[in-house]
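Next come two complexes, and both contain chain A; in the first it sits with chain B, in the second with chain C.
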Partner chain A sequence: MKLDRRAFIELTVGASLGAGAGITFSPLPWKLTDDVAIWTQNWPWTPVPSEGQVSHADTICNLCPGHCGITVRKVEGRVTKIEGRQGYPVNDGGICPLGAAGLQLLYGPWRVPGPVRRVGKRGERNWERISWDKAIAEVVTKLSDLRSKGKPDTVACITATDQGTVPQLFSRFMEAYGSPNYIRTASAEDTNELAMKLLQGKDASVGYDLEKANFILSFGSGLIEGWGSPVRTIQAHSKWRSGNGKKAATVVQIEPRLSNTAAKADMWYPVNPGTETALALGLAHVIIKDSLYDSTFVNNSTSGFAEWRKMVMSEYSPGDVSATTGLSAAKITNLARAFAKAGRPLAVWGRGKGTTPGSLYECMAVLALNALVGNINKSGGVWTTLRSTDLGWPEVPQDRIASSGNGKPRLDGAGTQNYPLVKYRPDELPKIINDNPEAIQALLVHEADPYFTTMDTNRVAEAFEKIPFIVSFSTYFDETAQHADLILPNDHYLERWEDIPSPVGFHKEVLGVSRPVVDRQFDTKHAGDTVMAIAKKLGGTVANAFPWDDYEAVLKEAMGADWDTLAESGYVAKAGSTPSGKFEFYAKPYEPIELEGDSYTQPLTLIPMELMRLASGAIGNPPFCTKTLEETELKGNDLFVEVNPKTAGDYGLADEKYAMLETYRGKAKVLIHLSEGIMPGLVGIPKGLGHTGYDDYLAGKGVNANSFMGVVEDPVSGLSATWGIRAKLTSV
Partner chain B sequence: MSTSEEKERNVAGGEQRTEGSSWRFLVPVIAFFAGFLVFLCIGWGIFPKILYSEKQQPIDFNHQLHVDEMGDCEACHYFREDGSFSGIPKSENCIECHESAMGEHPEEAKLIDQYIEPGKEIPWLSYARQPDCVFFSHAAHVRMAGLDCMTCHGPIGESEHTRPYQYNRLTKYSRDIWGWNIAGIKTNTWDRMKMDDCAECHEENGTNQACFVCHK
Partner chain C sequence: MKDAHHKGEGHQEGHGTVYKYGMVINLDKCTGCGACMVACMAENNIPFRKEDTNDRLTQNFWMRVYKISNGGSFPDNDICYLPRPCMHCEGHGHHNRTPCVTVCPAVATDYNHETGIVSQIYTRCFGCRYCMAACPYHVRVFNWWDPKWPEGMEEYLNPDVSPRMRGVVEKCSFCFHRLQRARNKAYSEDRREVHEDEYQTACTQACPAGAITFGDLTNPEHKVYELKKTPNAFRLLEVLGTNPKVYYTSSRAWVRKAADVYVGKEGSGVTHT
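What follows is the complex of A and B.
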């Protein structure tokens, strides 16, 4: 037979059909389909935890002042998950997005691998690795030099808190060295502490018994956006919202924009921003007028009420307050009555997450509202939580140079004649340095990122340029570290021992100790040991001020009788002592905090917005959290600002279109997000983006809200009371 | 020759072809069956050999001998104090008996020379490991549900030699997951460990079959 065209076709078609049928009746296609599906689930770049023995270890989160108990899950020594610690008195098993993302901070590329020295210009990110001995020697040489020139007071040190052994070691170092310029970064705690000093005469902060309250009146506090100890506040919020079909508490939110807290509140009152103090006093007016206040408490446990009452009754009638706040007199009256009649009402203060000091009058007015309903130091009320920095350490030995340095006034003016009440005024530093470039010759920064968090970023950058020597103790390549000359990296919080003070806003005292739950990942050193090593190398009285062998010895001694319990369970929940003393009503009409800028050329008001999914403090937002930002907050690298459609109409702005945002302090291109939830005339800017440090996961995304803000001094405290700034938006 | 004669011949030739076409229809049929058979063989015989790659275990382990000496499975594959399952023993477990040679078997000599003395882990290849997307708890199955080891692992305790470890080149899964029968046919409970097999047992026993029970 000849293989002609026809036969060829018949053969091919026949064989093909046969092959097809053969394959179909074999397992090949069915098995391959299954395998390909599985193959697509196992891309080599998908991170998969290693296999091995699983273990758990408890410690405390140190990423914000909320200080939750955490449990890390490990597989063969590698941390694979961070969970809330069950039964911990602050957060009982809960965790926030930042806390859960803490392992990205542990293993991320932003860790400083060991001591590094800057090569090239500041901020160029060029570093060379040096040994620990060399790094410490360099700091010692510079500091010895300044001391021998009789200028120890030109050294400043910034830490995030002054509570606990490590910040106190830095504070002690400064005292022994001879500089009064130990500074704590700013937060609402500054104002809370000052208010407690004035109203209660105590070195204390404010704790709120949120869980037991049944009427919560929040003056702009982001109760589910990271206020106080975030997880604890959210858990309290859940309790208010559940109660077998009937809500356990009423929540009223006073805020100019519809935040998540406002959206979930029973009532949301968008009052004119900056008039919250007037509203608080207006509510007090109604409560006094209707005799709804707790007269027993007011008569027995307070002082100055008569004068305060006179002021409130004469100047803050609902009619007057209505004109200021924009809230009708009827609403003010009803709100005041509902609050006073609630049984266990609680007025809460601290804008957003409480990252800025804010107005002292506003804080005092809110506390006075609580005092009026007899809500001080009792269940469901406001508690005086004592804050001490005294660790029982021996007095610091000082040589002649140290005494002379310590005798000089603080550069930031805190505690001086002009600002007698406050301990620290960090927001003033950029101005002081820019006005007098010689003022600070060396800056030490521990667990803080003032380059990013201080208001008026451009002025901060200028000031940093003027400081000849900057040492960062940062674990991460944050902005301050990026602009330092030397980085002496601290161990990560999961790698080290450290005592953890009581969480902010919490009414109970919980002393915790964080412990190493994972092996040291890099060539880092505990900052407590580093500062003591520097002191010992400096010699003389500076060395003598540190009689301890190492940081663990410091910690054990400072914890005293609590050490055994702390080493065993990680925390001690102390029975809160109820401070005696009367609550002082502070009778002085409030002065509104004026906004910086020109209302004619800058007709809008820019206010920061704080989000639960966006870390706005010294810790950069980890990728897990950045992923959760919505496309109305961040799109690519562009930041959205929120404006009301009416504002957009007035100024020719359109949704999702670019606009130029300009204030007296800064200017940048942003995208517009239209929202009915923000009052007309306001511009809301998310706080926490615009990093330049860390790496590409964070750097370059959005704009830093602080770069638009200036420092507006509180007329009483001298702290930064900035809550916004006048701004202009032009479509581009 | 006239043109008409040529035509006749051509016609005759055509007739011849027509005569030959009585078997011709078989050509595509034969081709069909040939293709069918060849590809059936490829699908059943050659494909599995290409799909799976084979490795030998680092040590030829005698389970039967160890079971006789040690007692039961849990002597080596034990639950830790926290309830988690230890899985394949580590070198430190082997050291307990084999710090020095107990006999003269070359595989024991290999264990000591290559792993115990240098302090290395034995890179055992796990036949039964479930994929990463599966959360499998031995405690839940053995301790709580009271399953026998054999239900999933078969009579491995009776083996005198380790069998070769085969893994899927595409998915990198052990062949034991799909099962050794390429058609996926099983006769014993331990023949296959696909999701359907888990579900089958969960259904029979009235256990929760929600996705999140295994896929956390």
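What follows is the complex of A and C.
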């Protein structure tokens, strides 16, 4: 066939028309498009969660000392949600972001899958799985060795609290083994307990009846940022904020920075940081001068008032205090009058979340303010909440080595001549070890992350390097675990039985028991059982100190008559006993806690900022919480510090630009966030970032605020009273 | 608003029982703690990534808490937190103008007249993101990546909410699956109505401050009915006429004012109801 031009064109056009018609009228392309759309949405790697029987179980959250009741929602064996437990005496149905994200800690890749031994260098994250028998045998070999060398006192043990059966098993182990170096990590509780000992003569902590107060004067407490038992305090805050047209309570926040608590308060007084004690005493001056104090209470139930009054009246007039604090004399006078006349005033102490011990004088001055208005151990007031570590256990049998070891002075000096008042001085440990590398030969760490939470991170890292043998009982690959030689992982808090002491800052006594609400996910073991297994393998009197078969037997025995109620409902709300005894006014002029550093070369003051969405303690922020951080707190892996635009102008800093932050203790590159909410001259740094442990969802993000801070000893207690440090910011 | 209420049953309109679920958020109580965001992420299987700290353009939130400021200089600066779920806009009149619904070419999102909830059907969505552009509240988010959970973490996923795939838009559903669950329970007990406490969103339930109140805005027995009428109540961008079902209350005038962004004299005729 001859193909001429005309035929070619006809053929081409015809074919095109045919194809067009074919495409238009054939279902094929439409079907293909539809298939493609469906295919793009049916990728097999999009998970389909399995269905099943839904059930609920109650337990107690153990992620902070707030100890809320929680209810988990389960689908068959899986926990799919953590919610606040309705009707629980602490949090009645509410939950905080960390508590709600507890699921991610349960199932996350930061769980230690079973006993592991370090391979390679410390901190390299190289682990080898070993059996439980082998892991326990390794600890026993090392500890037996130290014991046979007569050096049991070179073993130290750190736990987050000393309340409850598990920390007490560790404490008992140390005593039976022969070391006085059982240590609790630092918090405001140290100072609260010490103040109660000095002012009330009791082994107790401070509980605040927040709900019934109608005037709350907070000395820098982050009332809605995780202070005390966070959900309970936020619920009290809501009570203060409700009322028909008129708020049920007046809230006054004393803080150099516009925290959330300050923003929500009726009055925010940004006083010069570090002068809070002077302000409290200045307020007392006005209250005494105007005869607004509760003379009946002061005359009948206190001692030492005359001398204290003399000190307050001679040294803390509004004029003097105004010069120190930067608050006008008129404001001081008005605030004092409003407080004293409120009817149910309450002065609250404990900076931020209360994660550092702080100044003892400040704590005592705030408590004295409460005593002045007769606000001790009564409704809407400050309560002496008795704390006991006595579980009624038989005396610890001690062999010759144990009694000789226990006879040695504590390494941290607590309870010795220099520091007679305190029980523990954990912040001192890095210095002790760095000065004397032989001091600690083995370290046991349970439910604490001293590597991350202790101030002066660089010195802490050096000290850790010097300890020859470190055993972590951590559930997670936290920083301390990452730098350990052996990890003997504890069950997750949703997987285990444990008694839970009363929440911090709560004025009522609530004893709780957490229980397993999900099957053990990994090859973990209850830390109570692990420590007893180690003791039993050590033999002799160390083994004899633990007559129990297993941890559950320990728990049942310790709970005694409460066990049945605890097993059924999970908690016992106890009727608080009102301790007798007089309140002691402690008349000694305060000495300000000086900042470390040089005011000439480091003209700024760095203060930590504690945020509700950022866990700053031993538990690392789960991904859900880190995701909620503001874009002015973290950007990628870079941390923002907050400065006033005036400060930025003075030092040539610009918003969202890099700067070098430097203190006597540490140095790092940060981003600048300009905020009108912070006092000029201050630099605010979020506390809780800069993790190196856990995993990539948290590690490497930001800088650890503790790495810039050093330990400044409180002149009376010897605890760390650090509230900031001198700093320099230079644009880079 | 009509007054034809039947006790506890929502009001009748046409043949079906009609509810208008909505929220009243007390900004005086809200502490910005973020529990609502986390509870929402846990309830609704919202994915997260290693990298997504704080890239607000690509982060996936159904409930997001905004921090707003009065712009004052130290020490007159003030801040307020504002939780923002989907507003579930009703629009006005019979042909409602829910901004996202009107633009969706795939009918992947719709306004449900029986519940007042704006739905999102992931398998219908093909990711054109018109709805994201149309939504004045930025409640809609796009799945730029495959949802991936770290090893082991798929264990906690909620079977009541399907995990979404890459390439689709998602948003707050007022925890619609919880309504379905509550309805099933009611039907199994031979009831037609769902009680107020039977259907609460995850954020409402979690809020430690009790700042969020959720219920049927048309039912006088539900708490939201009175709360939305308090003098300090307002809604976001009322000038647009989107008729949102999320109300806020604040005792601070600057916060109420910040809720509307007027151009020129636009706001002069608008009253805050």
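Simple rule for what comes next: the second predicted complex is superposed on the first by the 683 of 732 C-alpha atoms of A that agree within 3 Å, B and C clash if a C-alpha of one lies under 4 Å from a C-alpha of the other, contacts with A are read in each partner's own complex, and residues count from 1 in each chain.
Everything below uses one rule, namely that a contact is a pair of C-beta atoms (placed from the backbone, for glycine too) under 8 Å apart; a residue touches a chain by one contact, two chains touch by 3 or more.
Since the model is a prediction, treat every value here as computed from it, not as a measurement.
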Just chain B (first), just chain C (second), both, or neither: which does A:N91 touch? second
First (chain B), second (chain C), both or neither touched by A:V732: neither
Considering only the touch criterion stated at the top, classify A:V48 as touching first (chain B), second (chain C), both, or neither. both
Between chain B (first) and chain C (second), which does A:N644 come into contact with in this model arrangement: first, second, both, or neither? second
Of the two partner chains, chain B (first) and chain C (second), which one does A:S242 touch, if any: first, second, both, or neither? second
Who does A:A575 touch here: chain B (first), chain C (second), both, or neither? neither
Have a look at where A:A561 lands relative to chain B and chain C in the superposition and call it first, second, both or neither. neither
Contacts of A:V13 with chain B and chain C, given as first, second, both or neither: first
Using the superposition on chain A as set up above, list the residues of chain A that contact both chain B and chain C. 38, 41-42, 48-49, 51
Chain A partner, complex, touching residues on chain C are 26, 28-29, 31-35, 37-39, 41-43, 45, 48, 50-56, 59, 61, 65, 67, 69, 71-81, 122-123, 126, 146-159, 162-168, 202, 205-211
Listed in rising order, chain A residues that touch chain C in their complex are 37-38, 40-43, 45-52, 75, 78-84, 91, 93-97, 99-101, 103-104, 106-109, 111, 224-225, 230-231, 234-235, 237-238, 241-242, 258, 260, 263-264, 268, 270, 521, 612-613, 623-631, 633-637, 644, 646, 675-680, 695-697, 701
How about chain B: which of its residues touch chain A in the complex? 20, 24, 27-44, 47-48, 51, 80, 82, 84, 86, 129, 131-133, 168, 170-173, 178, 182-184
Counting only contacts in the complex, chain A reaches chain B at residues 1, 7, 10-23, 25-28, 31-32, 34-36, 38-39, 41-42, 48-49, 51, 53-55
